[in-house]
């Protein structure tokens, strides 16, 4: 070929290759986000059954419809305004530190896979609370808090922590210090937020009738869930979903090594969950002589929650400590809550706030670049170890500030909501309904109508 | 390098790049189809539990085995002949408008991922009907209709609508009119087909004993399903699956923007389901003062069914109307069916035929390029708005013709099948079996054998 | 452009393209492995419910926690040492034939997606056994065997068969003979291993109290599982998972045609399962006049197990015979086990060892390049058909040797384990606990606490 032809051919090849790479990367990234989002979406089913198994049969339909509506209310709320607050642009830089305000109803926005992925995260944030208010929450209250969490509370937090313009994401830069909110998959903005609201809701709502009898002795046995298998089913689905939750948070497959980070995140998630569960199981067995399934499952979930923040850069040995810590924190918090006679039927606070907070801390302590690494450098006398120490402690401090901000924001918005609902009598169902169960009165649907049972063929039965 | 070397290098690079692009596109497309097909396959579990929850305990094993066998019978039937009818070639062009007839048993066909994806669609079409005939259908009848739907009824429809040679896909071209059957993910060829057959089957089979008592008052409560949680589990799985169903229908990731269409389809699916569910819930609450879970779930599914046809090109605001419409149509049809004393225990007709028909219509009315857009152009006085109006109404007309063809074909093939089965006494189980339940007599397996229950450790129980 | 510029541009393009191809292939391969591994992980939930449905209500919590802990114990054991044995390097070539011994705790290893994928396989191997020892196994015994299978038994087998240095993978080369262990997705190293250990465990442990009454007549009805729907749920999830199990075993999407092999593997898996199920169903109906759900499900799974070994190179017609064979072998083995009064509540031996063994054989007989093809060549008088016959029979012989090695190894390691546990009284729970159920005594958690049931609103109930 002549030089002219060669040039033309080369340019053509360059153009074609660039187009292929661009299109294909886009398509594969979308596929990745959508497939992970699908599995995260299925976590709604997991929460539904974890909670359905943990309530009495008379409130089963109620808890199921709550969880079904979660995903449906949140898609409407997040599509209408939530996304705009979280990821919309703001012309004003100062406003932009706190909230976005464009792309309402997705107007003009076409990166659908990112939206879809963010939607399933929002749905998760909203659904955590339903466990804490189970068996006594008014339907109107549920719809209200669900809408407000998905349109205001969570979107603002996502903006602060995950939008590049947000104040937590921007952090502080000064000398060797360069802090940035570090929360890969939402230990803070999702789980700590949901967990904090859970505690608030459970506290304002008060315990279920009969939950804390005068005679304190047999408290832990007082109200039992009606189906261990359903709770276990929910737990399995949540574990399945958590792997996608944390793996999917890589968010793209465009950069070198992205795929391996997906896998690393998944490994750290299951490792952390495993160590949390085993730790809890052993402590519990040591104390009570029983191998508890339900609480071990909760411990496992709290380990997975804790792994959210740093699973992308944690070395696998680090997950041992993330897990052990999460298991113990869950143990401590769940007992503390009971001590204060706050009735959180699903331990939503202990699992999500405890795991979430420890996740934020451990990401600055144990994950690569964290305090443990700085101390190791200091001890081995590496260069600049003093700066490293300073920077890593500053980072931990910033994480704490952000954790505090998340808690305060969640409570400041939600307290008035619950207070108003209480005022107007829409917070909690009347005593008669609570005692007889919400299913019949509120939904007209018994979970297990007696008349639908009957085994027939008596000869067979008696054989 | 010399020009000669350069040319050689360039040609080598071109060849290599072309090969990489070709192979990798193939592989990723296969991966995409297979992973979406996997989740769609799991919808069989969703249908099984939606239906198992909705029947009485004495027929639970029966409905579960029906749904298990669906996927197994359909893979055999669709592999043997169904695929050949749907996507095989025909040497004769006129025959080719109606049916293919090559690649029986996949002989000579190697695009396995396309086959696998189409198989899970065929399984869905067949499985819809099992809800309508629940609690009274003979096992032989079930096997027969399942085989015929998956080998004849659905494959022909897929050929008509989705094979480029099919008469519905070819449509009519004349002047500004250029109609083509427009059914992205099967509102028509799957759901309208399955829904129409459901009504036929439920009608021929007659209502379950005790379904419509003389005294009309308490009809709606007469026969209740035995487990709301199972029905909800099925519903959650179906929602999960529907997202893959509609997203996966993009069918490839090779073209610019394919990935975003996957995500858009998923968003429209959940939005449409959400608006259908909320609409139904509000209307129902207004009428009866109860927040129904089971019917809201059905409404949500009908919204998702309706989104199938146009979710790839619907703007998100359009899904609001697809959903609201689907919710209301489901409401109307489910009551109409009951008014006519046809016993469709799962509302398979109302959900799938109602949602499916509205899906086909809305794809021509609300989706991009539809009548709403033509009217907008007309009102704003855009160029060629007259032609646009003409073309879009012609398209709607063609959709109606195709919808009619789907219904007629489904009924024309299946009516004789059910009639013959009735004649030879293989349509419906004898009265004694129906009253005592199919599980023991037909399957020898009680869903919940009493002897397997017993809680032990009486001290604990009584504590 | 000048030649110099052209050269520079071309080199730049070459470099960029190579980098893109390398990175993107890596990322997509990771994504593929992780997403398939996710679904395989979910099989733990499938096993849990298949088994939970098949035990009595008093042992339901016990079987669920066993299955939950499977995935958690295995991640710890496999991460710590299992992986190192299976895929670690060995400096010594002879040692390397049998075991690796580097990368303990994943030290220095970064191909995380491969590890994650292998982990879910290890979890599957360990989980098979829990069905065989259900309702009577001590918790300590369960933890012990689970750890040993995931850290020693299975990793060694994986090394032998799937590590390129392993002795089974290396095989024998001599003249026209070139054997290599041929087990695509683990019919042998996973299922035959798990199945053989299941039989051993069930035999050593002895039958459940009341399983084989003096009066032999009604044996098959003696102990029934408490929930057919749970068993079916587990079965559906396992079918879903098996498709990913076999499809995912392709392991990469880098080579031409990989994607289609993924799809082919899935098609063969479902076809084989379908033919196994239908075969069993017909034989059983012919004998007993009932359409059994639970056993058909087991037959389906045994067909899927059998498809593991050769599903990547089986033509679809071959899966008919893989399935029919698996269905019949399952039938025969499950009866044989009962004849010998060995109590394997889940038929773990018949499903996994029977299906697994037949899978290994059929991969050398029916799959492409197998004996059937050699015989066809011989009959049609193709060139070198004699060599082909020789080579294919040698391959079958090698498969048999490997199958034997898998069985022997599994039993040789596990027999002492169970024997020691028996000696120290940690094999089986005391009679009193077995009779009253493990849930209360061992776990303190009834699956369905009576006090959690109660339907409220008596007026409604009686209406």
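Letters A, B and C name the chains as they come in the text, with residue numbers starting at 1 for each one.
Note that a contact is a pair of C-beta atoms (placed from the backbone, for glycine too) under 8 Å apart; a residue touches a chain by one contact, two chains touch by 3 or more.
Bear in mind that the values here come from a model prediction, so they are computed numbers and not experimental data.
Rounded to the nearest 5, the angle that brings the Cα atoms of chain A onto chain B is 120°.
Two copies of one sequence, chain A and chain C, touch each other mainly through non-matching residues, since under half of the numbers at the interface are common to both. Work out the mean CA point of chain A and of chain C, and you get 32 Å between them.
Each of the following residues of chain C touches two or more other chains: 3, 6, 10, 13, 17, 24, 28, 35, 227, 233, 446, 448. For chain C in complex with chain B, the touching residues are 3, 6-7, 10, 13-14, 17, 21, 24-25, 28, 32, 35-36, 39, 56-58, 223-229, 232-233, 235-237, 239-240, 243-244, 247, 253-260, 262-264, 266-267, 270-271, 273-275, 277-278, 281, 288, 290-294, 296-297, 300, 316-317, 435-437, 439-441, 446, 448, 450, 463. Remark: chain A residues 1-3, 6, 9-10, 13, 16-17, 19-20, 23-24, 26-31, 33-35, 37-38, 41-42, 44-45, 48-49, 52, 60-61, 64-65, 68-69, 71-73, 75-76, 79, 105-106, 110-113, 115-116, 119, 139, 218, 221, 227, 230, 233, 439, 442-449, 451-457, 460-461 touch chain B in the complex.
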